[in-house]
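Step one of this worksheet: look at the structure below.
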Amino acid sequence: MNDLLQIRGLCTEFRTEDGLVRAVDGVSWQVNPGRTLGIVGESGCGKSVSALSVMGLIPKPSGEIVGGQVWFKGQDLLKLTERQIREIRGNEIAMIFQEPMTSLNPVFTVGNQIVEAIKLHQKLRTRDAWDLAVESLQRVGVPSAAERVYAYPHQLSGGMRQRVMIAMALSCHPAVLIADEPTTALDVTIQAQILELLRRLQAGERMALVLITHDLAVIAQIAHTVAVMYASRIVEYTSVEALFDQPLHPYTQGLFRSLPRLGQKKRRLDAIGGTVPNPLAFPSGCKFHPRCPLGCDDKRCQSVEPNLRLIRPGHVLACFKAAGYEDSPPCDIPTQAPTEVSNG
Amino acid sequence: MTEAALTSDIAVGKGRSLWADAWRRLLSRKLVVASLIVIAVFVMVALGVYAGLIARDWSEPVGPRYQRPSLEHGFGTDFLGRSVWRKTLYGAKISLTVAFLASLISICIGLPLGAIAGYFKGWIDELIVWLFTTVNSIPYIILILAFAFVLQGKTLFGYPLRGISVVYLVIGLTSWVGLCRLIRGEVLKHRDRDYVMAARAYGCSRSRIILGHVIPNVAHLVIINFSLRFVSFIHAEVILSFLGLGVKGEPSWGVMIDDARQELYRGCWWQLAAATLAIGLLCLALNIVGDALRDALDPKLRQGLE
Amino acid sequence: MSMKNPLILTPVFLLVVLFAGCGGDDQDQASGKMVRYLSLGAKVRGMDPMDIGDTTSSSVASQIFESLYQYHYLKRPYELIPCLAEDFPTGEDQLTYTFKLRPGVVFADDPCFTATQGKGRQLVAADFIYAWKRIADVKNISKNWWIFEDHIVGLDEFRDYTGRLKAGENVDYMRPVEGLQAPDDFTLVVTLKRPWPQILYLLAHLPTAPVAREAVQYYGKSIHNHPVGTGPYMLKDWKRGNKIVMVRNPRFRQEFYPVEGSPGDREAGLLEDAGKVLPFVDEARWQVVEEDQPRWLIFMRGQLDASGIPKDFYNRAIDPSRQLRSEMKDKGIRLQIFRDPSTYWYGFNMEDPVVGTNKPLRQAMSMAINRPEYVEIFTNNRAEVAQGVIPPLFKEYDPEVINPNCQYNPERARELLKEAVEVHGGPLPTITISTPGTDTLSRQMGEYVTLAMDNIGLKVKIDYMDWPSFQDRIKTKSSQVFQMGWVADYPDPENFMQLFYSKNVSPGPNNFNYRNQAFDTLYEKAKAMPDSNERRRIYHQMENIIRDDCPAIFLVHGVAFVLHYNWLKNYKPHVFGYGLIKYQRIDVAARQKSVGR
Amino acid sequence: MVSYIIRRLLYAIPTILGVLLITFILFNLIPGDPSYDIAGKSASAETIAEIRRELGFDKPRFLDTEALSQGRIAAAFDSQFFNHFRNTLTLNFPRSLTSHEPIWDEIKSRAPASLTLAAPMFIGLIATSIAIALVVAFARGSWVDTILVFICVVGMSIPMLSYILFGQHYLAYELGWFPILGYESGMQAFKYIALPCLLGIASGLGSYVRFYRTVMLDEMRSDYVRTAFAKGLSSPRVLFKHVLKNAMIPIITTLVLSIPFLFLGSLLLERFFSIPGMGSYFLDAFNSRDFPVINAMVFTTSLLYVLGQLVTDICYALVDPRISLR
């Protein structure tokens, strides 16, 4: 296990009033320094839960990780004690969230909140910690950071707040940053700025980045590899080029079709038919089959769930209909990435 | 992040209405169903008393005075040899009537005032806010006593006020403030939402917007408020009875506790136990249902994770 | 800014620490000081005799103020003896009374006596005249004008004069009143308009106590907080709603414990202190306790010397044979049972078109109530069934008489009810009974009466009212049936008979609005007569008229049970007198042994 | 800050005028003439008339139209309504009808006793319930939570009277841990208020814990809590620093709202433990229709309430940076 962060066969379940929900079902992915993994999928497909499972932030007692491993720097995070995992959380693996409006505590100054994170993981005097906080704010491009440290979250704009979140996450120079829909709640122009910022910081620090989004455009801008999730599982996992070049899974194809493209004259965009399945009653077989444009009448699709197979180098897929699927070996992580394009 | 958010996502995903969904979720919890059954039983008893089917003969002595609970006398007998069990059943009528009518009065005042204040803003709002701030600054108990004294022996539309009618009028007339404040705040939030804008844009009258659009959207707050306030109304009846301003001539739980206060030293505990048990059971059930309702209906808790 | 975990819990710990080690008694170990501990069940409104109309205030203020006469502490039937007067009055006819004052009586020291640097001056006859004029003064809104009304020559005119004064004008207390003269400092001559045999009883009444003009002028409107009297005690501390402390008046005149008493008093140890100088107790402390439970608990802990028995603690104290339970006896508690000069009834408003004209109805209602059961439920047998209005305590009470209307007889009542329907000329409407009080006991009594009337087939409705509303209802003659009681002010049945005299109808004390020519004639005749067998006969005639006419459902006469610890010596309950602490003595050693203080 | 306070004070003026209006209307509607009670059992008509004159009942209710038509403006306003306003606003309360004691003096002498009881009770109640609510919120969903919530609801269902009767009998009398009743001012007071205080806390705990638990749970669902955990903070730290400070905002707003509860609670406690406070004074006054006292009590408590609200607003602004003091 030489990878920085690798999760294998992760299963996370939630007990609800309506029954047991398996939010993450046998998900595996990995990410290495300087690399960006994009996880893409519709709402409720389990992409955030897989990230939260890594952080050990699944709400207890209703949520529980029932299987799998999370390997980080050679140790399984799931086997650590709460105290040990706190050492890693925020220090070596940091996370930022979707809602910059509410993710900061409204009653403390932003400086206070950054300093809290710094002092938690580094033995620093308060004064130095504050200096560091100002520095990290400067690093994420907050203008007049020396004054802004004393501001309360409500005094900042959305973009600024997300920058503060990023500064807070990066203040301890983590090895992995998990960004859960970091730009969804922002204006398009701000979105671009934030993505650019993330890319710059990642490249500068050789940090591993896990970016969770439902937006393929964001993926295109920043990710190296992409995992497509549907209904608690990964259905396709490959490099960004391969995916954009030739998406293989009908769901991924559907996602691309629903994307507006420049210069393309089309009367209307295609939406994927049907709705996201209810996790309490997933369809049998391939969970996508009721919405699949290729073959909802196929007996096998209806009864057997396809597992991930290495359909070609660096490209894993779970779909019976894909050419060559039958002959490919089972594989959950694309071991060999065919091309490495630098994100210069 | 939370289980509630998660499941609500799931449920909404199934495309049910808020109310149907809430109802279904209530029924899916055993404890809540048990509580609903308890409440239903209390309501049935109260209706039975009204219909003259249950505890009609509560005032007849059934045996010697101060009999301990036994197979023969159930919860024992009181100082006139009347059955404590029948009195307890009869008490359900008083307590539920008081709580229900008091809630109704407080909703009738609080909901329209709150909605109007929140929707119109301006001087109407100022006036209503002034009214409820003023009422609110007089300590509740003083207000309740003053109202009870004022109403005692008066007539309303030719109907003489005494006993139970005073109790629910007093509680209703003094407890609308909280609801009014809550509704006003919520309506203030709603009045600038898109759907109200839209209604305004295609020319709905203001009364139609308030009645047809805003109020249905805040109605769940009334239900939650009602279920949680019910308990305090029952308690208010107990306190009024202690202060001699409560129900007279009919047994209520407050009256029974008032009786028991003095009987305890005879070793006569069963009247207190019966009334406290009845209150406790109903309160517990209402609390559970109230909490569940809030979880199910309050959109504040339904903000999703993703 | 942030709250830390331990910080939140600090107040809780603080409370616990502060409370730890508390408990037990703080009462001073009383360096041999003899302290009498009493409780107050209601609020003491004030200690200005003129303004005192309630028993609670009387029981406290009577330790400070004295009147011309007082009741003999031990003798029964109750008997008057001189107090501030030297002897009984002299006078040739029944219209003029000459009182000689006891010499050497001084007011207690008080800063109001500015001329003598706070040293109390001698009591003179003019002080009585001044005090009584204060009662007459309309501006003072005295509750006690009924005592003197239409009795003393010239005093009613004085009252009219004060009523004519405009706001801001001062009442001239030097204005002479013909019937109140003080030929010298120690002689008081009172002239009456007509004979008034009860006068001496009323001159034993607290409101007629003399008041120092210096005090009234010095304290002005706060006089009710600063009682300056001639009695054995002085006010030391008074925290309203909390406690009252009185100490011995060092300048109290010489008074001695009675040397003779009623039969049995010597055996009861009540004459051990015969002839000794009064008072014994150095300090009297009243603790305000409004609820039954705490009062009972502090008595049981020995923090009160004596106590009544709250209704619901009765079974804990008294066994079924009306004896004190042995565990109570073991604690050194003793029981005294005595009769109250009280009668309780449901009165009919005789001006009401339904009940006023329907004697069978009134009789039926009277017979519907099972009085022995009523006595048992509501008083634990601490009352006697009434046959009429005069309580057994009075010598005018006739134990031979059995009033058929007061016997429980539901069959007869049902028959009478049929008659009543005929008299009424149709089915009877629901009868409304007004009850003064919204408390538990009133409600329970209401439930009982409803049940009893239901039993004979009569529908009644109880109208629970607070006391002011009830008064309003009664005084405006707008009630139908009302629940009431009367406690005599002095041992003369005239006090009860006036309640049925036609000239006293509401808003006077005749709340029945009862009018009977024969009764009135007898009343007027008896009113002017001194006590005699002849008068007693007339009273019997009057009572028979009332029994027959049934203007009220007579229920019960009170019987009081009082408990006291054996360290409280010379304790003999008295139903008319109030200033009794001076006779009582505490065996401090015995108390200390018993409760450790 | 100063201008903020002044502005808040100005807001209070219409409220106070409203209280005056409501009290006047209420007391003019209350049936039963106190004159009869004051006059005693054998009152004469002129005594009643004198009492009514002293109470000002003989004056016109709102406006002396006769005087107005004659052009005597000052006399025209000599009515029950305007006298009520003038006297109350200037705290120029008359004397009590029953005790003839100046009301203001009596309020001043009784307020310390009430405060001595209510203040520790209130602080203790708030502190204890916040502490328990934090524990419950921390253990949410576990059996500890379930049991504590159940106990809270049971505790809420038991009437206060039962707590008092039980506490006084067993803790004070049987076990002798506390004095049965009484009150002394000064440090001695602590000994006497201990038991009523504890009983007040015990009886109020259920509803408070339940409420605070809800507040805390609402807060724990917030995004910033997730952020705090993601930083690697421990649960207690998140609870005590982040959640608590945010929860203080709704808690502070309810503090003033619960003062009426305190008043009610003290009413019974003062009565049973013979504490000479405002509650027992008020109850006495109500039972004897002592209008001047009731009026003065309503007005002063409302005044205190308005002041309390002002303090709340300031605290609110101190805790929540989103509210500006300007």
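Chains here go by letter, A, B, C and D, matching the order in which they are written, and residues are numbered from 1 within each.
Just so it is clear, a contact is a pair of C-beta atoms (placed from the backbone, for glycine too) under 8 Å apart; a residue touches a chain by one contact, two chains touch by 3 or more.
Just so we're clear, the structure is a prediction, and the values are computed from it rather than from any experiment.
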Centrality ranking, top chain (CA atoms only): D
Interface ranked first by C-beta contact pairs: C-D
Whole-Å gap between the CA centroids of chain A and chain B: 47
Approximate Å spacing (C-alpha centroids) for the pair chain A, chain D: 54
For chain C paired with chain D, centre-to-centre distance based on mean C-alpha positions, whole Å: 36
Interchain centroid distance [CA atoms averaged], chain B/chain D, Å: 23
Touching two or more other chains - residues of chain A: 62
Set of chain D residues in contact with two or more other chains: 31, 165, 223, 226, 245, 319
Junction residues of chain C, two or more chains touched: 293, 465-466, 469
Complex contacts: residues of chain D adjacent to chain A: 141-142, 222-224, 226-234, 242, 245-246, 249, 319-322
Contact footprint of chain C on chain B as seen in their complex: 59, 61, 65, 79-80, 149, 152-153, 162, 243-245, 248-249, 255, 258-259, 261-266
Footprint of chain D on chain C - complex, ascending: 1-5, 8-12, 15, 18-19, 22-26, 43, 45-46, 48, 51, 53, 138-139, 141-146, 149, 159, 163, 221-222, 224-225, 239-243, 287-291, 293-294, 297-298, 300-301, 303, 465-469, 471-472, 475, 507-509
Residue ranges of chain D touching chain C (in the complex, touch as defined): 31-34, 36-47, 50-51, 54, 95, 98-101, 106, 109-110, 113, 120, 123-124, 127-128, 130-131, 134, 165, 168-169, 172-173, 176-184, 188, 190-191, 194, 197-198, 236, 240-241, 244-245, 248, 271-277, 280-281, 284, 287-289, 319
Residues of chain B that touch chain D when the two form their complex: 1-2, 4-5, 130-131, 133-142, 145-147, 149-150, 152-154, 231, 235, 238-239, 242, 257, 261, 264, 272, 276, 279-280, 283-284, 287, 291, 300-301
